[in-house]
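Structure record follows, encoded as structure tokens.
Note that the chains are named A, B, C and D in the order they appear, and that numbering of residues resets to 1 at the start of each chain.
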Amino acid sequence: MDKQTAASLLDTMYLIRAFEEKVSELYAKLEIRGLLHLGIGQEAVAAAVCSFLDRDDLLYSSHRAHGHCLAKGGDPRRLLAELAGKANGYCGGKGGSMHISAPEVGFMTATGVVGGTIPLALGSALFCRERRPGRIAVVFFGDGAMNMGAFQESLNIASLWKLPLLFVCENNGYAEFTPISAHTLVERASEHAAVYHIPTVTVDGNDLLAVLQAVEPAVARARSGDGPSLVECLTYRMRGHYEGDPSKYRELSELQEWKSKDPVARFVAWAIDAGLLDETERDAIEAAARSKVEAAADFAREGPVPERDAVSRGVYA
Amino acid sequence: MTPAAGTTFLQSINQALREEMLADPDVYVLGEDVAVGGPYGATRGLAEEFGEHRVINTPISEGTVVGLAIGAALQGLRPVVEIMFVDFITLALDQLVNHGAKLRYMSGGQLKVPLTIRTMFGVSGGWGAHHSQSLEAWLAHVPGLKVVMPSTACEAGALLRAAIRDDNPVLFMEHRGLYWTKDDQAEPTTIESTLGTARVRRPGRDVTVVATGRMVSTALRAAERLSAEGVEIEVVDPRTLSPLDLDTLAASVRKTGRAVIAHEAVVQGGIGGELVAQLQLAVFDYLEAPILRVGAPFAPVPAGEQLEAAFVPDEHSIIAAVRSCLGRA
Amino acid sequence: MTPAAGTTFLQSINQALREEMLADPDVYVLGEDVAVGGPYGATRGLAEEFGEHRVINTPISEGTVVGLAIGAALQGLRPVVEIMFVDFITLALDQLVNHGAKLRYMSGGQLKVPLTIRTMFGVSGGWGAHHSQSLEAWLAHVPGLKVVMPSTACEAGALLRAAIRDDNPVLFMEHRGLYWTKDDQAEPTTIESTLGTARVRRPGRDVTVVATGRMVSTALRAAERLSAEGVEIEVVDPRTLSPLDLDTLAASVRKTGRAVIAHEAVVQGGIGGELVAQLQLAVFDYLEAPILRVGAPFAPVPAGEQLEAAFVPDEHSIIAAVRSCLGRA
Amino acid sequence: MDKQTAASLLDTMYLIRAFEEKVSELYAKLEIRGLLHLGIGQEAVAAAVCSFLDRDDLLYSSHRAHGHCLAKGGDPRRLLAELAGKANGYCGGKGGSMHISAPEVGFMTATGVVGGTIPLALGSALFCRERRPGRIAVVFFGDGAMNMGAFQESLNIASLWKLPLLFVCENNGYAEFTPISAHTLVERASEHAAVYHIPTVTVDGNDLLAVLQAVEPAVARARSGDGPSLVECLTYRMRGHYEGDPSKYRELSELQEWKSKDPVARFVAWAIDAGLLDETERDAIEAAARSKVEAAADFAREGPVPERDAVSRGVYA
């Protein structure tokens, strides 16, 4: 890895972290409402996966979508404005946190339905195969989606049709308030992929380098028309399931343990150690991220409220 | 048991579940996170009291869980399944509609399906297009299903108990926006009298307003304001959308000669159309004006605060419709 | 191209698919067994002509296949998906309703979904409760979807071509009982004029009969018989149930003062209620009798021959409603 | 195996064969209508599985259901009357071929929806676990159902909850007109079951003995509360997908090959060889089956037509 790459990856992670912290703050201040799922603690997955993607690769996300959108190149200003329901948000205030769409940077859509975007990603991958060889589709989903029939149906079709598609499972061990062990005996998405002859690997999702290493060949395989892969990233969400969730179902010790595996801090430590980064650079990157997010907050705050009659416009093309 | 004054809608649901589980060992509760109380505590305490054999956390597999509950009901259990939001019933309609609703008829009466599905619906808090729909009209179109939509805390419990005791699959729809509401006074409601019967919530002589779910309280607010200007609306809550208590609705419109139907679902294709069609047939000669409908515009539910507010019909929408019905602009 | 005289409904569908595939390389056909022509040959010859890349056999995974088609449409392809029977759309409603129908609105206009779903519906041949439903009312309740239901061979092709060219998700419903019917004469139909417009199939002065799908020909048969006794009904086919061409319907009822709505779906919760609600509002002052509805009883579709015949409304049902509307017993 | 068991198994197979041949004949004569899926060629699966079941074990079937119903003890007269739409049919003429229900013999229901009964069977198994330990549920489905999400969701829950359930996949290589290879790279249902730690085996479904051997431990496991199993039976339908299907998608040679593996003839040959049966006995068993079916045809033919207003009765309990 070169210095520039390291800086760019860190930039993405800090941007997501700073963005989510700001969202949490604005939610507490009632400047944003809605059902918000933060990905603090899971930044390495988004940053690593998207570092291999171009603008015209097509990305689908889950309900925990902010980080994916930013990593794909989404504008934090328009994203935050969308969360605030403003007319200058990506969706003009109609979508909100779970329904962000930024197709101009290849971020197709998030979803409020667990597993809901997996089939959609197949279709975009079919399009790539037919019309844009070399382009690929990517879909993020949580461990909770593993037990949705749509996931299995999608693995089957993706493998059968050799679609240029990357499945990324963010396995954070919980679906809402319930640990994965209460949902299935098959605690790894990669076990499912393997049945369908889909190349797959489970990695430490808080280790940016491990994710990079897993994703690189998977993306290459999809680009060269050899079919889908699945990368499963074991990670943890540091905040509640949604903002406001007191997380009583988790032990404090568990949280502490994962705090020590913070993906951002770990990468920083590694990069400094490897001579790719120094403290000053780190500080500068973090500061830049925070100031981007402040600008985004101003943009969102000052953004115009949608016109009332926009409510019934734009239903049909 | 009538809930005490000060009981919230949510507590009333919780109590009803507990009482039915106490009364009948065949009542089982299934759903995502139900063993820890669900997202708002509707099932709180049940796993502790009745054990995780009867209060069963399920994986996120709505279609299969509903099918499973139907299969258990066929054998005589009385499952109460929670589908967290009615938006996700889209994943379970093959099981619910093709199997649950039809098995009694298809089997020539050999089978029955005493199943209750509890589900949240309606707009609140900016949750957007996947957590806010009102899909009752779909289910009211399905022979073999019953559809219940309570509007007060006391009735929520009574209707839920009636649904659980019913020998048919019942979709029980809880508006999230009502969860923390309380009734002004404890209303004695017997379980037996609720399912399939409408209730006149406020008598009036000028216009009948048939309102469902959270729109009942909206209509009652509209009634207060209209009363101040001398217009007395009669507010009727069908409570059960299938089967429908047409008699009570028709009796009201026969008296007032005018009707407005108010629901939170989008107007086009909503249950309001069915009510209009049945009412105009039943009371044609009494109607002094066309029956009006109040509901959401034909659009998905937007997330932003102002758009959401513009989407949901409020008392002004009802007042406007009542005035228009009376020929006053 | 207007199909030649003697073309069946099914051939017309097949030709329309072929023509659109010829005209636009982005049109793709997907579904179970479509590459071998599907169960009745609606897609016959297409795989041979356009290759299996564009005429794609899918596994039995309705939900995912519809989602996949939506994803492809988002990128600009124009998929035409076959869901063999509308009964199985129950498996795909999360994708179709929560995603396909909403993505344009939720994205604030950034996305569009030019998708067509072809599906068989309706009763015929004793296939029973899982292969005979009419679920159009559900889909007409969904903002963002269009719902089309052709009634003649020529129009089937024209409407399908219009659906494929439309930039929105369209549910295109084909009554299996019409597949082998031919039009009396070739009807020149332009593609452009069809979607969203009703058609007066037979002029009349006494009662308007709004009929959909196969019920259009049933209504025309009823018209012949009624005409013999001096009653002239006007038969109007909405063709598109969402959006609905209220103007044409209302103009007819303004003239006749009386209306009967006839569809094959069960009456309760059917699209008839929506039509009644819109019509009574639009033409209240012209109505000389309540609007009546003709449809199936509130029951699943039975399989046995006699029960099935009792289930499906026929010309006698329409004649009885027309007479009742005219005050003649 | 003793003589009586052999006779009883053969009795079941002949009854199914004779029944289906009669259905085909009556359909051709227009005495029966509807969408009929015959299981000629697949009799060994139904006969073997049901030989381990008691009346109060709970059976679910697919669209190809006649054989399952008969093997479970269903009355051929009431079954045929149902296909003929008569009031004395099992469902009073309301169900028809794809919706047979005979709960009095534990045959719960068939379905017109591929995979539709799999979740239902889970629920009946849950009931058995809770209320009737030792009783089990069984569900038959085809290879086409393998790619329905409901199948995967059901495998997950059945294994997680250790339900007393037997999955029986009748893998006849085709879903309608399409060979399994066009639907999936995973051509064996047993591969799916294995992921969920469900004991499973794939056997020659035209070899009654092989099916018996596979099913016996699976049923025992379910009865003793140890959880579900899946038995996959490779078989072949000798007739079209539905009555009237000209089967153009199959080579004649393929049909010929499978004809030589006829499960009834094979079992007869084995049983005679093993001294469990002689030609006379065989003839008697077949003749008895045929005469039962003739009686059923008379019963159905003479059965009363349902009353017209039954159409809207019996929708609710």
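In this text, a residue touches a chain if its C-beta (ideal position, glycine included) is under 8 Å from a C-beta of that chain, and two chains touch if they have at least 3 such contacts.
Keep in mind the model is a prediction, meaning the values are calculated, not measured.
**Student:** Measuring centre to centre, with centres taken as mean CA positions, what chain is farthest from chain D?
**Tutor:** Relative to chain D, the chain with the farthest C-alpha centre is A.
**Student:** Chain A to chain C: how many Å between their CA centres?
**Tutor:** So the centre of chain A lies 41 Å away from the centre of chain C.
**Student:** Using mean C-alpha positions as chain centres, tell me how far chain A is from chain B in Å, no decimals.
**Tutor:** Roughly 36 Å separates the two chain centres.
**Student:** Hey, how far is the Cα centre of chain B from the one of chain C, in Å?
**Tutor:** So the centre of chain B lies 30 Å away from the centre of chain C.
**Student:** Using the touch definition from the top, which residues of chain B touch two or more other chains?
**Tutor:** 59, 61, 63-64, 87-88, 91, 94, 98, 102, 105-106, 128-130, 143-144, 298-300, 302
**Student:** Quick one: which residues in chain D touch 2 or more of the other chains?
**Tutor:** 89, 93-95, 99, 111-113, 116, 147-150, 153, 156, 160, 183-184, 315
**Student:** Report the topology of the inter-chain touch graph, choosing from line, ring, star, complete and other.
**Tutor:** Its topology is that of a complete graph.
**Student:** Write out the stretch or stretches of chain A touching chain D in their complex.
**Tutor:** Touch list, chain A to chain D: 147-153, 156, 159-160, 183-186, 191-192, 195-197.
**Student:** With touch defined as at the start, can you tell me which chain C residues reach chain A in the complex?
**Tutor:** Going through chain C, the ones touching chain A are 28, 53, 58-59, 61, 63-77, 79, 94-95, 98-99, 102-114, 143-144, 146, 167-168.
**Student:** Quick check: in the complex, which residue numbers of chain A touch chain B?
**Tutor:** On the chain A side, the touching residues are 33-35, 84-86, 89, 93-99, 111-116, 144-145, 147-149, 175-178, 182-184, 249, 305-306, 308-312, 315.
**Student:** Provide the residue numbers of chain C that touch chain D in the complex, in ascending order.
**Tutor:** 32-33, 36, 39, 57, 59-61, 63-64, 87-88, 91, 125-131, 297-300, 302-308, 310-311
**Student:** Along chain A, where are the residues that touch chain C in the complex?
**Tutor:** Checking each residue of chain A against chain C gives 58, 60, 89-95, 99, 101-104, 108-109, 111-113, 116-128, 130-131, 137, 149-150, 153-154, 156-157, 160, 314-317.
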